[in-house]
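Notes follow once the structure below has been shown.
By written order: A, B, C and D. Residues from 1 in each chain.
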Amino acid sequence: MNGFYLDVAHMLAGGMVLVSFMLLYQDRMFALLNVFALHAIVLSASVAWQAFIQHAPHLYVPAAIALVLKGIIIPVALHRVVIRLGIHREIETVVGIGPTLLLGVALVALSMVVMLKAAETADPLAREDLAFALSILLLGLLMMVTRRNAVSQIVGFMSIENGLILAATAARGMPLVVEISVAFSVLVAFIVIGVFLFRIRERFDSVDLQALDEFRGERR
Amino acid sequence: MVLILGLIAQGVQMMLVLVLAPLLLGYTRKLRAHLLRRRGPPILQPYRDLLRLIRKEVVLAENASWLFRSGPYMIFAATWVAAALIPTFATRLQFSWTADLIAITALIGSSRFFLALVGMDVGTSFGGIGSSREMMFASLAEPAMMMIVFTLALLAGSTELSVVAEFMQTNASLRVSLGLALIALIIVALAENARIPVDNPATHLELTMVHEAMMLEYSGRHLAVLELASALKLLLYLSLIACIFIPWGMAPAGSGPAAYGTGLASYLAKIGVGGFLLVVFETSIAKMRVFRVPDFLGIALMLGLLGMLLLFVSRSF
Amino acid sequence: MNGFLAQFTFEPLTAVLIIPAATAGLLALLPSYWAAARLNVLATFLTLIAAVSLLFSRPPAGGYLFVDDLNNVFIVLTTFVAFTTSVFSASYIGHELEIGRLTPLHLRFYHAMYQTLMFAMNLGLTANNIGLMWVAIELATLTTVLMVGIYRTHEALEAAWKYFILGSVGIALALFGTILVYMAARPVIGEGADAMVWTTLIDNASSFSPELLNIAFVFLLLGYGTKVGLAPLHAWLPDAHAEGPTPISAVLSGLLLNVALYALLRFKMLLAVNPGALAPGPLMITLGLLSLIFAAFMLYRRRDIKRMFAYSSIEHMGIIVFAFGMGGPLANFAGLLHMVMHSLTKSAIFFAVGHIAQAKGTQKIAEMGGLTETNPVLGWGLVLGVVAIAGLPPLGIFMSEFLVVTSTFARQPALAILLVFGLLVGFGALFLRLNSIAFGEPRGASAEATASYVPMFAHLALVFAAGIYLPPQLVIWFQNVAKLLG
Amino acid sequence: MPLVIALSCVAALIGTACLGVAISRTRGAGAIIYGLCLLTSLVALAAALTQLMGGTSVPAAVTLPLGLPWLGANFRLDMLAAFFLVVVNLGAAAASLYAIGYGRHEEAPERVLPFYPAFLAGMNLVLLADDAFSFLVSWEFMSLSSWALVMAHHRVRDNVHAGYVYLVMASFGTLALLLTYGLLAGSDGSYAFAAIRADHASAETAAVVLFLVLIGAGSKAGLVPLHVWLPLAHPAAPSHVSALMSGVMTKVAVYGFIRIVFDLSGPPAWWWSVPVLLLSGATAVMGMLSAVLQGDLKKLLAYSTIENVGIVFVGLGLALAFKANAMPAAAAVAMTAALFHVLNHSIFKSLLFFGSGAVLTATGQRDMEHLGGLIHRMPLTAFTFLVGCMAISALPPLNGFVSEWLTFQAILLSPEVPSWGIKLIVPAVGAMLALSAALAAACFVKAFGVTFLGRPRSTMAAEAQEVDRWSLAAMFIFASLCLLIGIIPGPVIDTLAPVVNALVAEHMPVQAADPWLSIVPIAESRSSYNGLLVFAFITVSTLAAVEIIHRFASRAVRRGPAWDCGFPDPSPATQYTAGSFAQPIRRVFGEVVFLARERVDMPPPGDLRAARLTVTLRDLVWDVIYAPVGGAIWFAAEHLSHLQFLTIRKYLSLVFALLVFLLFFLMLAMLVWS
């Protein structure tokens, strides 16, 4: 019984890591957004499963948020932004995709070793989820660091968030999870970024951060 | 009584150096002339010169200041005091402890200081050249002198000339340091007295003058006082060499007139020999270019330092 | 939820939170700039009174809020600087309105955000729940992001964007750290809200899993360290300071950095209690020194006066973190004192800089000169401020630097030498620039500044007084805190 | 009681500073402020003198509830502090008196009046402080207020630069002292001097302490190679402040050195004197060589301050050597020499700066190439300046000679020291000292000769007016002190006895017992000097010579144009200038020490172009030490500055890298532990 719950939870969390890798692998903007939607959906499933096995009905809220907001609304919105702004459909990378993936594998290994070693006392489910969450977090960061486009950086950031919500739900009985997920995902990821994207659009022709970076405060 | 005798002896010494100084000048000039196969002026000529100068009117430059007029007397006084404090015929005179060798050096320095200043007072280029070069020589000669003082002081354990002289009388031995000090002292003496090869006391060629250049604007009694001061300085250095390196014959402290008599005789003899050697040296060497002088004085400085170092080190054996 | 509400029956503590929150709403509705600025001052003043009264009647620790010696220092400091800044802001922002850099609508937004920021910071400081603390700091960050971008120039938006992205990543890291702390606490304390209550955590921290705590601290250090502005996480700080309105620069440097630092200190205390955990000291020392030396070098090439002082904030945060990293009663005391002094001094400097920039019509150092000649009060105020921030006596920062350096040199000579090196390099840069700003032939426009000098000189007077005399009560208080910090 | 008075004086000075802020722009403010400073300094001087002359051996101590809370501000007035208080307040009183007149010409009184009393207060406080914190606060406060005074004339570009270099060097020194006290106090933070004195530092600690003190106090005092700020900053301030900075503040630095090395850091090791002696010898020579080559009168004086600091430190180094080798009598001579020179230098250097200030007021010039002939227009200033020049050139019978003579006597005692290193170093230091003394004479012949003698080189110099009475009064008081101390040094040495006794546990023989007021360092058979008799002899023989010659000589005096070998040139430009006066010395020493190069641009015959002689001097200390350090900092700043311009992604990469590094580190740590 317990084994089964655990296996499913394990599978879903592991699935997220896998999807994170898929995110890293994408080189087309729309594909990226689609994969991100998948990421959110898997997160949603995972959180819902946790709600189920922890008998914590309030956790269904973050699951729903993840599904609706990040699985549907944000990808669609970004999709339209990309079209409307005429943003390049290709993702510019700093490091080639192959090396990035290799790096990602190393990061996952690192987080596994660190987490599994550290959380020996925690229950196995939480432990593995934490390890996966850390992996997702690091992969998200890696994505932000190795992609030049603003959209992919936003996606990277949101995948970090997904990881965090996974960790928060895996931490059994953690208070404020709902609040945190609401505050975090809704407020941070969309509104403000949206506002800024809009303003940046107003001022500049591109949300490509490199173009933005041309306007340095102090360049001679 | 003892005090009065002491005061008399001290007074005699003061007067002695004053009287003797022009004589030494006349003597060296005469000797020099002889060595150069000339007849030369009479030995007493310096006295006559001084008297004649004193009687002449003073021609002052228009912009000469009070310093210019009072300078010669201060120069003279400082030199005279220094000369009078060097034991000549007797050690440990009444006021011999007033100033030790360092102070005597500094007194000579005072007179040089004023001489250089008055050289600049009128604002002529020759005066400036003299002052400037004189101070450059001094900047090397004075440390050399200090090194000599140090060497002697380390040897005798005192900077008091009387004590040094007594030490040399009793503990004389040939020491490398002493030899070095002697050579250094001779070099310094030549430089300080503006003798060949550093300067030519007889020159009146403008660009080679150093000592004379500073006195160029002086005339009459002022010049007389300055000339006398120069003569005193020469005597001073000869006395100094005599007192330190050939101290024999000097009367010890508190001895009677007889001892003073022999002391005086031996002193005169030493000065005579010293003057002779000086002249011989001077006639056998040519004057240097101005910027060779620092090397010459540098040798003195090095010798002095070497002598002192040797002593510092040998003290521990 | 009930517990949360129950907290609000305690008077001063409630007031500290309620007043800003309520005023924020009010200000959002108030159209008149004049009234808004005054209401702003009034509200911050009332908050200050409430904060000071916390010193005398301290409520017992609740599940969500609590006050102890440590956060009381921060609360009083925050509310005080918030009050003086609001006074400064009233005269500063009016000028911005006159020259048309801001519209009345912007100002309404600005004032509301100001109070929201105060609320967020006070909440972060009084929170007894590490989750609540995280939420509050997050809120504070977001409000400042909006305020930094308020001028909507290229540079301002860029600065806000940079601040936002880096801040968000920091926030994410901090949240992960918070979750990990909860994970570490759960086996000991049990599930539920208790495992996030700080007072409970500190009581039981000795039996937490040290490995988890270690990882948590790494994340928290990076997360909150971003807010503190530690190098190399500092990148948002100079631009945010330089491009936002000056009152916000003052609040950022003087307060927000402290709030993040406070969070860091709380977690440091958790680690310090646990015997198996990594000593947090060396990590903080390293980052502190790195920030100090890095910022000191960065000071040299700055052309923008506000950006320069922003780097100086990084430098001082480095010193403070270094001091807390060293630990021990002397260094902790010094760190605390340094933090207070730095807040007061740096905000005073920003007050001066704000008026200077308005008088000169620019923030470029090259276009200012001879200020002591053209605007003597501002010029000398700036000189005094820089003298203070550079750690010269008889001003307060000297005392804390004295304690940090001497106590470090006796324990870790090599570290002290690095510290001294950084201080000296920074010193050289500050005075190099000060010389050209305050002295020499006057340069640039020489408009009369219509300024309220009271806040600036009030701060400097306090710093001066502290450099000479510290009241014994304050000392005992700080010493208690130093003991708390271990 | 004297301590309380001294502290009240400090409080009064601080009050005066506040008053200065308030009234500095009103008319007559200068007279009020300087008058108050004068009164306060005189009271403090009296208090210090009572302590020094008749004070008990148990020093008074007071703790005020200021400063570090658990420590309080400790103040204590022992003999050493009392002596330096005398030096400081004597200089301060004279400077204030001088400034009552001089300050009227100040263009920006509001930049001077508030800081001047504060500066005095700072110096007094350093001497009274009895714990590390109070000491450093006062020390840095002193630097800060003097910095403000240096910046008084901030529109002159060089002054701003001078102020910058000064403050950075001062801060460098203070940080070194901070580390010193950190070491001495130990990790428990016992900062009170009493506590530091009580537990002796270990040998290694003491070695580091010595090194740091040499940096800390040495940079303030102007030891080579930490002296670079001094010739920039001292001349930049108004002249009465220059006098205080050169004459007095450097002495406070000496005090700091003595306090820490002789009092706080326990018994010295034998080698401590080695670095001190080497540095001081180099300082004396370098300072004087630079001074000789200066054309700016105040800069020349500032460089000569460096030389004199060198002389003081030679004395201190010797005292250290003797103390470490258990030769208290010799140590007493060396220490007395050093302290005596401290007093003397404070007097004649202040006097000389007053004189230069008078010249500056009268002509608006500091550059000697535009001066000349001032002895006619300003005879009184010229006279006092001459006395100062003689004193600083160590000419008997003035005071400068006495202290140099004592220093030489101390050097002559050093062969008794058993250590080889010192044996070899001391003669060299002696030679350097002698060299610097001789150069000093050349330097001040030049300073006086070019400034006051000859013909005026500019219209300003030709139309100069004698300065006001206040300034003259201050100068005459100090000139007479130069003479007075020079001819009766015995009482001064006796007054110094308790100070010296406290530092090296021995003092020089009581000089009052010697006949004829002469001074005898060890024994009469070794050496003695009698300033009074030398003075009497010189006076008597001068008078006698004048009398006799005037009796016999012709009284006729004719004024005429200068002779000048028959080629008098009416243009004052043909005089020897400051540059030409120094040329021989530059050729002898400058080519090595300053890499001096002369380039002659001589047009070919027929070309009517003027010939040019350009001389380039390099300050090697600056070029070898400061310029590279400055360059390195600038280089680092330049390159680090790129970090301001990275993209957000790159900043994120930094965060990411740090995170991964720390996690990796944790992983390693965990693997190693388990």
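Quick notes
The rule is short, and it goes like this: contacts are C-beta pairs under 8 Å (C-beta built on N, C-alpha and C of every residue); 3 or more make two chains touch, one makes a residue touch a chain.
All figures in this text were calculated on a predicted structure; none of them were measured in a lab.
Excluding subunit D, the assembly's touch network divides into A, C | B.
Looking at B-D and A-C side by side, the one with more C-beta contacts is B-D. Here the CA centre of subunit A is 99 Å from the CA centre of subunit B. Separating the centre of subunit B from that of subunit D, both taken as means of CA atoms, is a distance of 35 Å. Computed centre separation for the pair subunit B/subunit C is 78 angstrom, with centres defined by C-alpha atoms.
In terms of their C-alpha centroids, the spacing between subunit A and subunit C amounts to 31 Å.
Residue positions of subunit B in touch with at least two other chains are not found. Of all residues in subunit A, those touching 2 or more other chains are 114, 117-118, 141, 144, 153, 213, 218, listed in ascending order. Contacts with at least two other chains are made by residues 644, 648, 652, 655, 659, 663, 666, 670 of subunit D.
Of all possible chain pairs, those that touch are A-C, A-D, B-D, C-D. Across the interface of their complex, subunit A is touched by residues 129, 131-132, 134-135, 138, 142, 145, 149, 152, 154-155, 157-161, 164-165, 168-169, 171-173, 175-176, 179-180, 182-183, 186-187, 190-193, 195-196, 209, 211-212, 214-215, 239, 242-243, 302-304, 307 of subunit C.
Contact residues on subunit A toward subunit C in their complex (touch as defined above): 114-115, 117-122, 126, 130, 133-134, 137, 141, 144, 153, 157, 160-161, 163-164, 167-168, 171-176, 179-180, 183-184, 187-188, 192-193, 196, 199-200, 203, 212-213, 215, 217-218.
Against subunit B, in their complex, subunit D makes its touches with residues 372-373, 375-376, 379, 382, 386, 390, 393-396, 401, 405, 408-409, 411-412, 414-415, 418, 420, 423-424, 426-428, 430-431, 433-435, 437-439, 441-442, 444-446, 448-450, 453-455, 518, 524-530, 533-534, 537-539, 541-542, 545-546, 549-550, 552-554, 556-565, 568-569, 572, 574-576, 580-585, 587-588.
Residue ranges of subunit D in contact with subunit C, taken from their complex: 65-70, 111, 132-133, 136-138, 140-141, 144, 151, 154-155, 157, 160, 163-164, 167-168, 171-172, 175, 178-179, 181-183, 185-187, 189, 191, 208, 633-634, 636-638, 640-641, 643-644, 646, 648, 651-652, 654-655, 658-659, 662-663, 666, 669-670.
Chain contact summary for the complex, subunit D toward subunit A: residues 644-645, 647-649, 652-653, 655-656, 659-660, 663-664, 666-667, 670-671, 674.
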